[in-house]
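Same chain, two partners: subunit A is paired with subunit B first, then with subunit C.
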Partner chain A sequence: MSTSGRIADVLPAVRGAVEDLGSVAVPTTERDRERRRIAALCAPFAVLLVVAGVYPLLEVVRISVSVERFETVGFTLSAYRTLVTDPYYRRVAFNTLWFAALTTLVSVALAVPIAHALEKYDLPGEGLFVTLVSFPISLPGIVAAFMMLVLFGNNGVLTNVVATFAGANPTDVAVAVSVPGLFLAFVYSMVPRATLILRGTYAEVEEAAEEAAQALGATPLQTFRYVTFPQIRPGITGALILTFRTGLAIFGTLIVIQTLLVWTLQLDRELSAGAFPVAGAMATVYFVFVFGFTALGLRYTSAEVGL
Partner chain B sequence: MARVTIDSVRKVYDDTVAVENVSLTVPDGEILGLLGPSGCGKTTTLRTVAGFETPTEGTVAFDDEDVTHVPPEDRNIGLVFQTYALFDNMTVGENVAFGLKMRGVDPAKRRARAEELLELLGIGGLSDRDPQTLSGGQQQRVGLARALAIEPRVLLLDEPMTGLDAKLKRRLRNELGELLDELGVTALYVTHDQAEAMSMCDRIAVMNDGHVEQVGTPREVYERPANAFVADFVGTANVLDGVVSDGTLDLGFERVPAAGAPEGPATVVARPEAFRADSDGEIPVAVTERTYQGDHVRATVTLPDETAVTLRLDPATLTDDENVRLTLDPTALHVTDVDVEADSDGAVIPN
Partner chain C sequence: MTALSRRFGRPAVTLVLLVTVTFLIAPVALTIVGSFAREWTGVFPAGFVTFRNWAEVLGLADSIGSQRSMGWDPLVVLPVGDGLTLMAPAELLFSVGLALGGVLINLVVGVPIAYAVSRYEFRGKEWVNAVSVLPLVPGVILGVAFLRAYPVLSGTSFGLIVGYSLLKAPFMVMAVQSEFESMPLRQLEESARSLGASWPRTFLTVVVPNARSGIVSGAIICWTLAAAEFNFSYVVWAKGTQPLALFLQRHISNSTFTKAAAAVSMFFCIVVAITLLLQAFGTRGFDTRGT
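Right after this comes the complex of A and B.
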C-alpha cells in the first residue's frame, strides 16, 4: 500500500479521535456530558497509572535489557537467556507455579463451602464468622507467617500439644518452617480472597431454580451438582484466576518462612545482590505471565474477573 | 394425584406471624386458588405444602400420609414459578426430563416423555433449544412441562403468569385451565389476580393477613362474599346500608324483597352489575365520573340518598347527560352479616 493510501486510511480515525476529544472538552449532548464526567472521574487514576505504573514498568523492562548492571545502557537479552537456560531459575519458576497452583486449588475448595454456608443459610453469629473469614485480607503476609510460627513453630502451641500426645520432641513435629507450614500460611491468606469472590457469585444464584430441582426430586447434593455448580462455575474460575495471582504475588510470608524458593523471594535476592538486569527480567516475566494468564483465562472461560 | 389437607397451619418467622390457623382441603383433581394481596400468606402456605417451609404448628397431608416433615425432594410435587426458574445450563428437553433423570429413568424414555409433554403444551420442536432463547410464554410452558413430567401428586403454581403481558396471559390462562382439567391434576394456584383465580380455579381461598377469609367457588366468592375484605378484593363492591323488615329490604332509595334475611339494620353488597341504566328505571342518579374502558364505561354515580356507587354502563346507551335512571336487580344483592362501611368512592372498608 502506498504512503498516501495509508494516510488516507488513518486520517478518518484520527479525525474521529480529535472530534471525540473535542466533544468531551466542549460537550453538546447528554452523552458528551456523560463522557466528560467519566473522564473527570477517571483522570486521577489515569495519571497515577502512567506515573506509578506504566513508566516504572517500562523502566524495569529497560533495566532488564541493559548491558550494564548499574546503568541502563545498550541492549542485551542475556538476563532473559539466563532465566530460560539456567536450571536454578527454571526450578524457581517450577516451585512458584506448583505451589501457587496447589494452594489456589485448596483455597478455592475451602472457600466454596464457606461461601455456600454464608449465602445460603442464616448462620448463628454470622457477623463474627464473616469477620474471622475476611480477617486475613487485612493481615500482612509477614504477620500470617508469624502466626504460623506461634502455632506450629518449635515452641508453638499446637506443636507442643501434638508432641505431648505423640510423646515426641517438639522440634521433630514442628511444621511452621517447612513447606507444609508455608502452605498453611499461604492458604490462610488466600481463602478470604476466594471467599469474597465466591460470595458475590453465590448472591446471584437463582434460588428458585434450586428449589425447582429439589421439588423434582434432586437431593441437596444433586441440586448443587446440576443447578448450583453450573451457576457458580464462572465465579469459581474467577476465584481460581485471582487466587492464583495472589499466590504468585505473596512475598511477606516468604520472608519469615524461607523454605521454598519461589519467584518473589528470588527476585528479592537478586535485588539485594544488585543483579538488576536479572531482577528486571524476572519482574517483566512475572508481569507478562500474570497478564497473559489472566487474558487467556478470560478468553477461554466465562470467569467473572477483570484483568 | 392426591388429596391435599392443610390442617391448622401456623407459620411464624421470628416475631412475624405469616400464616395463622390455615385449614384447607384440596380434593383429588381440584384446582384451588390461593388469592390475596402481597404479604397475605399465600406463598408461605404454598411453600409449606411444597416442603420448603416447616409449619410452626399444624400439619400437611397428601391423601392420608402426613408429609409435614418430609423434605421437598421426597414429596413428589411439581412446582411452577413466576420467574420460570428454568435451568439455563440445560436444553429445554433436559429441563423437562430433569425430574425423570433424578428418578433414574433411562435417557430414551426421558426424552420421549419430554417430547410428548412439549408437544402437548404446543411447543414441540423446541427440545434442543436453550431456554434463554424462548419467549416468556414459551418458558412458562417449559416450566409447566417440567413440573408435569414427574406426574406429581400435587402441582403447585406460584403466580405463574405474573410476568406475562395481558394478551398472552389471557391465552395461556385458557390453555392452562383446559390442560389441568384434562389431566385431572390436583393443584394449588397462588395469585393476586382475581380474574386469573376465577378463570383457572375450581375453588378459591381468599387470604388476608395470614388468615383464610373465605373458601368457595369463584361464583360463591364473588356473589356471596363472606365479609368486607372478600367483597372488596374480589371485584368491585358497593356497600349500601338498609333495613330488613317483614321480608323487605329498605335501601332508602328502593325497597326490594329480602325473604330469609335477618330482620333489622343490614349491610348490603351490590356489585356494579346489580344496577342497570334504564330510561324507565325508578332510581334517578347523577353521574359524577365516567371512565371509558372499551367494552364498558365505569361510572360513579350518586344515589338519591347521596351514596356513591360504581357501575358498569354500556357505552352505546350512555349519553353525555349527567342524569340517568337505574333499575336495581334484587337478586344480585348480597346481605352480609359483617360490619362494613364504604368510603367516599364506595369502596368497602372493614370496621
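Right after this comes the complex of A and C.
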C-alpha cells in the first residue's frame, strides 16, 4: 500500500521528466524547438566534458579509496589518512600554499602598476609593450625556468655581472636553482596573466570621475586611492583568485628547478613510485580545494569570472 | 607629501613597467643571441656566429644520447623523377599536428556552447557559462586521471589531442563568446530565418562566418597553448615521438647551455610563425567564402 503510494508520488515527476525529454526530441512549440537548439549547442561540449573530464576524475577518486595499488578494489580511506596524519605531506601542503600565495601577491602587486601604465598613460610604443608583456603567456613553465637560468643560473648573465663586481665565484652567487630563483620563475609566469586580467578591468574604468577628481585638486595618489581603486577592486580580487590557481597548478618549472617540494611535484613522485592510491588522493584533494575556493571566491566576492 | 605623488607617481609606475618588461623579455633576447654562440661561460655568450646549435637541435648534424636531436620522417613523396621525398622533423610535425587536432575539437565544442550562452536564456545558464570558461582541471591532475581512466589510450596521439582540447577549451569559448556578445545575434538569426533559412543553416552559414575574427583568434590562442602544453604531456606520454614541450625539457635538463638556447629559440620562432600563418590563413579562408 505504502509502496504503491510512493510510486504514485514519484510517477508525475517521472512523467514530467519523460515529457521534457520527449519535447526536446520531438518539439511541437517554438519554445520546445529553442530548448532543443540549446541542448544541441551544448551537447558537444558536454560529451567532451564527460569523456575527458568527469569520467577520468571519477576513476581517480575510485583509485584513491582502493585497497589495491593498481586496481580499483574495495574501500579504504588509508590514502587520505596518510595525507592528513603524515607530517611529510602536511609540510608539502604548507609549502604549496605559502609559496603560491606569496608569488600571487607579488605578481598582482606588479600587474596593477603595469596595467595602469598601459591603460592610463600615453606611452610611446604602447602596442609593443602590450605585446611584450603578453608574450610569456604562451611559454610553458619549463621555458620560464630556462629564462631564470639565463639570468641567474651558474652561467647566468646577472650572476656573472655580480660575480665580476664582487670578485666571487659565479656558482656561489647563482640563485636560479634555489627557492628565490623558483620564486622569480613563478612570478615570470604569473605577472603576464595577472596583467591580462587587470587590463580588462582597467578598460572599464570610468574616466570622467577621475578627471573630475583631478580637476578638484586631488593628487594622482588620492585619485587612485579614492576613485580608481574602488572601481578596479573586483578585478584585483578576480586576478588574485585566478593567479593563485595558476600558482598552484605550476609543474614544469618545478621539474627544471627542483628546490621546493610542492603538491604537483610530490604528486608526480608518487606516480613514478607507483603509489596510485596516494596520487589519486592527492589529485582529489587538489581538485576539491581549487574547485571549492574558486566557487566560494566568485560567489561571495564581486570578482569577475574570467581566466 | 601631496606633491610627492604628483612628482614621482608617473615616473615610478612607468619604471615598474620598464623593469618588468626587461625582466620578461631580456632573457628571451639573450636566449636567441646565445643560440648562435659557440660557448657561453662568461658574462655574455661568445664565439659568433655559429649555426651548429641549431643544426644539432633540428637534427641536421649528428648528436647522441640524451642530447640527441629530432628525427626526420618522410612527409610526402612528390611525383618528381623517381619520387622526391620531402622530409620533416618528427617532433615538430608531431606537435603541430597534435595542437591542430586539439584546435579542431575546440572549434566543434567551443563555438556552439559560446553561441548558446550568448544568444539564449535558459535555466542553469550561469553554470554552463562558468563550467565552459573556467579551466577546471590543471594539466597534472588531468594527466593522472587519463592514466587511470584510459591506460592504453592516454599515451597515444589521440589521448593527447583529447586532453589538450579539454585543457584549452575555455580559451576558445572566451574568445568566441566575446565576439558573439558584440554582434546583434537575435536580429541576425531572425533575418536569416525570415528569408527562409533553416536554423542549422542559419547557424552554420550566417552566424559562424560573422564571428570569424573571434573564432580565428580563439584558434590561435588554443593552438599556441596546446603546442606549449608540458604538464599533461609529461604525465601521460609513454614512448615514441615526443611532443615539443618534452623535447624542450630534455634539452634544458641535459644539453649544453647554447644548445638548449637553440631549442628554446626554435620554440619562440614556431609560436611567432604559426600565429602569423593562422592569422593570414584564417581571414583569407573566410573572406573568399563570405563575399
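We take it that the second predicted complex is superposed on the first by the 265 of 307 C-alpha atoms of A that agree within 3 Å, B and C clash if a C-alpha of one lies under 4 Å from a C-alpha of the other, contacts with A are read in each partner's own complex, and residues count from 1 in each chain.
Here, contacts are C-beta pairs under 8 Å (C-beta built on N, C-alpha and C of every residue); 3 or more make two chains touch, one makes a residue touch a chain.
Keep in mind that this is a model prediction, so the values were computed, not measured.
After superposition on subunit A, the partners subunit B and subunit C are seen to fit next to each other with no clash.
More residues of subunit A are in touch with C than with the other of subunit B and subunit C. Once the two complexes are overlaid on the shared chain, A:N155 sits against subunit C while remaining clear of subunit B. Residue contacts after overlaying the shared chain place A:Y226 against subunit B, while subunit C stays out of touching range. Rounded to the nearest 10, the superposed model shows the Cα centres of subunit B and subunit C diverging by 90 degrees about the centre of subunit A. In the superposed pair of complexes, A:Q214 makes contact with subunit B only, with no contact to subunit C. In the superposition on chain A, no contact is made by A:V26 with either subunit B or subunit C.
When the two complexes are overlaid on their common chain A, residue A:V73 makes contact with neither subunit B nor subunit C. Of the two partner chains placed around the shared chain by superposition, subunit C is the only one that A:Y286 touches, whereas subunit B remains out of contact. Superposition on chain A places subunit B within reach of subunit C only down to 9 Å, the least C-alpha distance between them. On subunit A, the surface touched by subunit B in one complex and the surface touched by subunit C in the other have residues 219, 222 in common. Chain contact summary for the complex, subunit A toward subunit B: residues 206, 208-209, 211-219, 222, 226-227, 230-231.
Only residues 50, 52, 71-79, 81, 83, 85-90, 98-99, 102-103, 143, 146-147, 150, 156 of subunit B touch subunit A when the two sit together in their complex.
Those residues of subunit C whose C-beta lies close enough to touch subunit A in the complex are 2-6, 9-10, 12-14, 16-17, 20-21, 23-28, 30-31, 34, 40-44, 105, 108-110, 112-113, 115-116, 120, 122, 128-142, 144-150, 162-163, 165-166, 169-171, 174, 199, 224-225, 228-231, 234-235, 245, 248-249, 252-253, 257, 260-261, 264, 267, 271. Residues 33-35, 37-38, 40-45, 47-49, 51-53, 55-57, 59-60, 62-63, 110, 113-114, 116-118, 121, 123, 129, 132-133, 135-136, 138-143, 145-151, 155, 157, 160-161, 164, 188, 191-192, 219-222, 245, 248-249, 251-252, 255-256, 264, 267-268, 271, 276, 279-280, 283, 286-287, 290-291, 294, 298, 305-307 of subunit A touch subunit C in their complex.
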